[in-house]
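Should a chain be cited, it is by its letter among A, B, C and D, assigned in written order, with residues numbered from 1 in that chain.
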Amino acid sequence: MLIHYGYIGLFLIAAVLFTLLMVVIPVILRFVGVVPSHPNAIKNANFECGMETIGRTWVQFNFHYYFYALVFLALDVLVIFLYPWAVSLRQLGVSSLIAVAVLIGIIFVGYLYAWKKQVLEWK
Amino acid sequence: MALRTEPFVLNMGPVHPSTHGVFRMRATLDGEVVLDIEPVFGYLHRGVEKLAEQRTYTGFIPLTDRMDYLASMSNNLGYCLAVEKLAGVKIPERGEYLRVIMAELQRLASHLVAVGAFLNDCGAYFTPFLYMFREREKIVDLFEMVSGQRLTYNYMRIGGVSQDIPEEFLPAMDKFLATMPGFIDEIDRLLKENEILLARAKGVGVLSSENAIACGVSGPVLRSTGIKWDIRKADPYSIYDRFDFEIPTGEAGDCYDRYRVRVEEMRQSLHILNQARKDIPEGPVRADVSHLVRPPAGEVYGRIEAPKGELGFYLVSDNSIAPYRCHVRPPSLINLTPLREMVRGWKVQDLIIIFGSIDITMGEVDR
Amino acid sequence: MTVALSGKEIARQLEEKFPGSTVQTDESSALVQDKSLLQTADFLKNSPELGLNYLNFVTAVDYFDYFEVVYRISSLEHNHWFTLKTRVYDREDPVLPSVVGIWKGADFQEREIYDLMGIKFENHPNMKRIFLWDGFPGHPLRKDYL
Amino acid sequence: MEISRAENRIYSDKELDRIEGQVIEELRQSSQEAIPDPDKWLDEEIEKNIFLTTVDAIINWGQRSSLWTAICFPACCAFEFIAANGPRFDLSRFGMEILRASPRQADLMITAGTLTWKMAPNVRRIYNQMAEPKWVIAMGACAISGGIFASSYSVVPGYNRVIPVDVYVPGCPPRPEALIYGIQMLQQKIAKKSLARKG
């Protein structure tokens, strides 16, 4: 029984190592000198079609974008639960179907509310 | 509830993938809504009009190629017509027919790029552009057969065209004229009722006909507002009065109408090409005008219907071999006059489409 | 075929309306005083039978002792055109009234004339250089520019 | 959400134009002679050990087989370059699949068009903002020496006044085949690059 958890542990280690490696490789290459790095002021400035930016760019944005992010988050979290459920639907049987239906119902109520309040309409 | 948001200024600067060259707009945005834009020109100003005063009349022709580099043949035709009007030169029949064939082929090529760029701005990243370029390569092959160059042809001379067409030109053109209508119908079937294009372009950037006339707009942008004004019909130059073709016009003057007018004009150009192909006569292609032509002192304004609009040349001559003053009426620059009102209140992505639908070439805007 | 309005006919009408405004006429153009440019332009645009409300182009020509500004106007319904000219004699600080109020299309073209030829246009909404950058010395299209 | 300003502008455009004008004038004064082409290192001989050559070979092969171009498209050569990218001449055979709109993701700048003094500061800024192993192909006669517009008052006689150029492709506009030949010569130049050299 314990052996199964061993596989999960190995998989976890491999995943963590792989992600860390991806982050560390450019740093190592730069340290070794393979990747040239000559940072200077202009290179670090932001790119706006070949010109310097005009005026203040850290401005207060329209509140509307926040609603989009909120609604997206709600639906995205739903998807995270659906994937593992959908993959092993046959073993889980009908009880899991009811549970997921309840989950989708709750999220759908939230989405319906946002729809009625016309949050996503853009004037 | 009053939301406090601050407008900020964004540079749709000279190096931008969808400003069709080095055009720059200082856009004051509030979130995504465009409050105001200030167009900035001059990033490709090469002083062509000053160079014209240092070149002979024939020496200026290569410079006209590089003004609207997507319609070089039309530029040549416009300039040569103005000089011939001033110098009173009679062009042989075959030369006239060759000029009409080249001008209409060039209108097709320019509209292909215009429609491709417009769809590219609508969001179909580069796929329609490549289809349009595949067709444009066929036209460019024809031009290469005739003038040896792919983009800046320098084919027309004062008094006709520089050399006759090779004998394999007409069969190649027949093959092209046979396949091109099929391609245009294919685009039309795909895009005429395409709901994405309708949603993006219908009713966007409306230009009223009074505003169009007040701003002196010309070409497909003017015809899309419903005004039936085409210089080939209203003031026929060279032998355009011998061909029959309609002038497509739009109703509402929005981006979708401008696109429709350009597609219809491609069909009309094919119609003209078929007629010109049938009754092209034999004979000389160029009147014997010396390369150092000296038109009599005076001034003239010759204009043609270039793909972008009314391209005119105002020439003042003092009976010397170089023009005293050569002003070019840039249809692209004048078509940009109403851009500021058309764009206000729309979102940034609509700004890109409205600008793309006006279809300018920076070589002609900045000269 | 676009018909050219005869210079004499138009000059006669202008003389009636604004005596002493036309200086010289050609067979299809009229030279008017720069003081009465706006009146004549307004008259030509708004008179019903002329209706010259479409501005083809505005340009300036440098004739050494004066600048000549050429307005080529036409009417799309009546399909006729006319050329209106004025002259500015002062070379250091040439100034002309701007016709942007009458034909909006003159906006960029007048800025181009100011940029390349140096003729300033009064009450133009945005009178600054259009093609060259701010610190550019002089106006290149002038005959005496090297 | 009511934002109502008569002029809707929050900058004084005269002020901005004046600053840009100064930047252009300074650049014009400071770049009177051409920047030397970066190819001195081509003929230096350096000692190579077995480890370095294999690393060099792999890195050079990787870099030269996927050159992504930054867009710097002022004028007519732009459409010959797009035709080269198009279906017929197909630059993606050389791994040059995409035209990158931002200099961050590009390592090759093909300068397709006439450079005017007003555009020069922007081109130099784009070049400076590109990531380090970067190359420049000057495409067309205007890019090499100002071409047909060299005698004009507002044209920079050649891109090498503003940025170091690796390969010059003559022609007005150069045919797509000429451009592809220029790219192949650049690939040969990249193949000679080595880590041992400083450059």
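Quick note on the criterion: a residue touches a chain if its C-beta (ideal position, glycine included) is under 8 Å from a C-beta of that chain, and two chains touch if they have at least 3 such contacts.
All values reported here derive from a predicted model rather than from experimental measurement.
Trainee: Compute the shortest path length in steps from chain A to chain C over the network of touching chains.
Mentor: Shortest path length, in steps: 2.
Trainee: Using mean Cα positions as chain centres, tell me which chain lies farthest from chain C.
Mentor: A
Trainee: Just the chain pair, please, that has the highest number of C-beta contacts.
Mentor: B-D
Trainee: What's the distance between the Cα centroids of chain B and chain C, rounded to whole Å?
Mentor: 26
Trainee: How many angstrom between the C-alpha centroids of chain B and chain A?
Mentor: 46
Trainee: Chain B to chain D: how many Å between their CA centres?
Mentor: Here chain B and chain D have centroids separated by 28 Å.
Trainee: Counting in whole Å, what is the centre-to-centre distance of chain A and chain D, each centre being its mean C-alpha position?
Mentor: The computed centroid separation for chain A versus chain D comes out at 36 Å.
Trainee: Listing for chain C: what residues touch at least two other chains?
Mentor: 129, 131-133, 140
Trainee: Would you give the residues of chain D that are in contact with at least 2 other chains, written as numbers and ranges?
Mentor: Where chain D meets two or more other chains at a single residue, that happens at 1, 10-11, 13, 16, 118, 122-123, 126, 153-154.
Trainee: Residues touching two or more other chains, restricted to chain A: which are they?
Mentor: 49-51, 54-55, 62
Trainee: For this assembly, give the contact graph shape among line, ring, star, complete and other.
Mentor: other
Trainee: Over in the complex, which chain A residues touch chain D? Could you list them?
Mentor: It is residues 33-38, 40, 42-43, 45, 47, 49-51, 54-55, 62, 123 of chain A that touch chain D.
Trainee: Can you check the complex and tell me which residues of chain C touch chain D?
Mentor: 128-129, 131-136, 140, 145
Trainee: Sort out for me which residues of chain D touch chain A in the complex.
Mentor: Touch residues, chain D against chain A: 1, 10-11, 16, 55, 59, 102-104, 121-123, 125-126, 128-129, 132-133, 195.
Trainee: So in the complex, which bits of chain C are touching chain B?
Mentor: Residues 1-2, 53-57, 59, 61-62, 70, 72, 76, 79, 83, 103-109, 112, 116, 129-133, 140-141.
Trainee: Okay, in this complex, where on chain A does chain B touch?
Mentor: My answer: residues 48-51, 53-57, 59-65, 122.
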